[in-house]
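Consider the two complexes below, in which subunit A is the common component and subunit B and subunit C are the respective partners.
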Partner chain A sequence: MNQQIHDIILAHAGLPAGVEITDETDLYRAGMKSFASVQLMLALEEAFDIEFPEEMLNRATFRSASAIERAVSQISSATLVA
Partner chain B sequence: MKPAGAVAGASLAERVRAAAEIAAEHAEAVDREGRFPHEAVDAMRAGRLLALSAPAEVGGEGASLADIAGICTTLGGACASAGMVFAMHHISLVNLLDCGMESAWHREFLTRAASEQLLFASSTTEAGVGGDLRQSICAVEADGERFNLAKNAPVISYGEEADAIFATARRDPDAPSSDQVLCVLLKDQMEIERVSTWDALGMRGTCSHGFRYKANAPQEQILPRPFADIAAESMVAASHLLWSSVWCGIASDALAKAQAFVTAEARKNPAVTPPGAPKLAETYTRLRLIEAAIRDGLARWDVMRANPDAGPTMGFALAMNALKVSVSTEALRVVDEALMICGLQAYKNSGPYSLGRHLRDIHSARLMIGNDRILAGAGQLLLVQRTAQTRRS
Partner chain C sequence: MDASVTLLDQLIAEGLLIRTGVEGLYGRSGVFEDVIVRFEALVSRVGGADGAEVIRFPPAMTRRQLETSGYMKSFPQLAGTVHSFCGGDHDHMDLLATLDEGGDWTQKQEATDIALTPAACYPLYPMVAAQGPLPPGGRLFDVQSYCFRHEPSADPARMQLFRMREYVRAGTAEEVQAFRQRWIERAEEMIASLDLPYEVVPANDPFFGRAGRMMKVNQREQGLKLEMVIPVANAQPTACLSFNYHQDHFAHTWGVRLADGGPAHTSCVGFGLERIALALFRHHGLDPAAWPDNVRRVLWG
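Coming up: the complex of A and B.
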């Protein structure tokens, strides 16, 4: 999942060409704007067949690859239980 | 509780009223001459209104954003330019309070600002970024413990009158355009040159001239939080709330004139309901909706601020966008309807029912961050907003 998230970030976060990111890179500081964060979120929903609940739609959720991974895992496991 | 910085014996409401009276007295001259509302801002200083929202420990009075919004409405009704100066100053103060309290320099600066009633201006706009708040071309260039900054700013409202300017810039010369910081620049740390003159339809007293400037200041004056967070978590929402409150004040004053006009008609002929009365009731209703929208926005702000770890949701951002778009549109309609009610008495540039200044001032509302731009952003957010109704099964 981690690699897939990195791929989606590179494809959709609208970061400047050549930027390298780690799990902890702050994507907003790296150049992600709110418009791109929306595209990133839609791509994540499609790739993992999930839906981010309203309370997770904030800047903290999409701040870094590791934050995204935590959010996706949390939603996926909640879906399995339900 | 008597706040430390308060003027002896006068309540906040009395101090606001005193400043509003002076603002109203000079509003016409400010508009006609396109000059800064010095008298009104001096009265704000005398009433110690410029650090109200700072906590008492640094010399403020701990006023809430709702308190500040109420004052924006009162001052905006007296003189829209003075009200907008007050609003813009307090937006910068929110930014400073949000991230300055843990930093020694900013804490000290806040104390000084409260004591000396310093006036803050904001320099976010830059030539070449197409009006996008979240992009900068200029960059902070480290110079030992200090930094240099050079910016080409097509607009800085009251840039000449402010004691300090809050400027956005890229974090360093290698940072992407959206990796911004907010720097506090003091007047004596800047070389500033006016490059264009604000001669506008309305809001003429905001003196939003264009400037080019260079600054050299200690790095500790840069606010510690990234501007991305400042903008998303407080600045944009505070701007929409306080601007809307000023516009509500303009609309309220226009409605008051229309009401006085219709009442005067009724006195002349008490047996007949004046023809303008139903229209007056319709306009009154519209103003009540504007006030309700602002109260709703302020309540949402309080909820968001009570839960700072989560930060604002997309729902909150959408609500603030909706507030700005609706109040800027509806307040214009209120002033326009007041003009229809008073007729030529409002169209004339003098006399008790004159509404030309109100109409010109309120026309700025839809343009201060263009509504089309805001709706484009809101449309994006709506694609991802989740409610029970939009959920895919």
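Coming up: the complex of A and C.
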């Protein structure tokens, strides 16, 4: 999942060309704009067939690759339990 | 007062607003307009010494500009575009026949190059960008326009066509944030001098849909929009002024640049002129001649 998240970030976060990111890179500081974060959110939902609940639609959820991975795992496991 | 008689009913009965048959589209009387004129004069007295460049656009911008602005990403539900009949004689006959039958004659219309202005400062940013990099110290503008937002409502404070006066600052992050803070303080003094109850609160724009929910949260978390709310016609107070910090959004959208070529930041203070007039009528009565002396002095001198 980690590599897939990195690929989605590169494709949708609108980061300046040449920016390299690690799991912990703050994507907002790296140049992700508000609307790009929305595009990223929609792309993640499509790729992992999930829907972010309203309480997760904030900046913290999408701040870094590791934050995104935690959020996606949380939603996926909640879906499995349900 | 009978609670079932709304503020809108009273304004209509008094002749201050004139119904058209469409919610949110009203005529205004001379008395109503005089309040707007006097309030705008007050705004100019408070802000005039700053030396803003006065720019006026008609209540329209190019459709291309609306597209580039990203408005359709965020507020597709509010946008208005101007359509006109662009056909020939045959199409004209069809149009008249459709009208006769009570059908939808607007099907024969096509989008023109003109869109209605959604906020007074929208046509300003492409103009500023086209004029080249900002001088050191940035620029300051005074704009005013009728604005259109498609949101029919029985609330007289939610008109579809209304006027917005704005001061717009373009410069460095520090310059435009200092501008915004100064205007919050000035606005508090100004509205207090009109004996209106107010509160300045964090706010967000009405971004569309699920993606919009995230935009709203982002905007609030970053403190980018503050509103001055005043009770008008609802239990919830109405936003009558707003203080917006766009960060470098318009630098990326339009290419507004600092003297050194870096991205410019922008900020604006907006006065909802009809809403402020309505707040005055709501709190001081429907006859401005009978408003408290101190309020009259501020507005009419």
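Quick note on the criterion: the second predicted complex is superposed on the first by the 82 of 82 C-alpha atoms of A that agree within 3 Å, B and C clash if a C-alpha of one lies under 4 Å from a C-alpha of the other, contacts with A are read in each partner's own complex, and residues count from 1 in each chain.
Keep this in mind: a residue touches a chain if its C-beta (ideal position, glycine included) is under 8 Å from a C-beta of that chain, and two chains touch if they have at least 3 such contacts.
None of the values given here were measured: they were computed from a predicted structure.
Judged by the touch definition given at the top, the superposed model places A:Asn58 against both subunit B and subunit C. Contact with neither subunit B nor subunit C is seen for A:Glu20 once the two complexes are overlaid on the shared chain. Of the two partner chains placed by the overlay, neither subunit B nor subunit C lies in contact with A:Asp49. In the superposed pair of complexes, A:Ser34 makes contact with subunit B and with subunit C alike. Common to the subunit B and subunit C contact sets on subunit A are residues 33-35, 38, 41-42, 54, 57-59. Residues of subunit A that touch subunit C in their complex: 33-35, 37-38, 41-42, 54, 57-59. On the subunit C side of its complex with subunit A, the touching residues are 70, 73-74, 210-211, 213-215, 217-219, 221-222, 249, 252. Across the complex, subunit A meets subunit B through its residues 15-16, 19, 26, 28-35, 38, 41-42, 51-55, 57-60. Residues 134, 171, 176-179, 226, 228-229, 232-233, 309-315, 377, 380-381, 383-387, 391-392 of subunit B are the ones that touch subunit A when the two sit in their complex.
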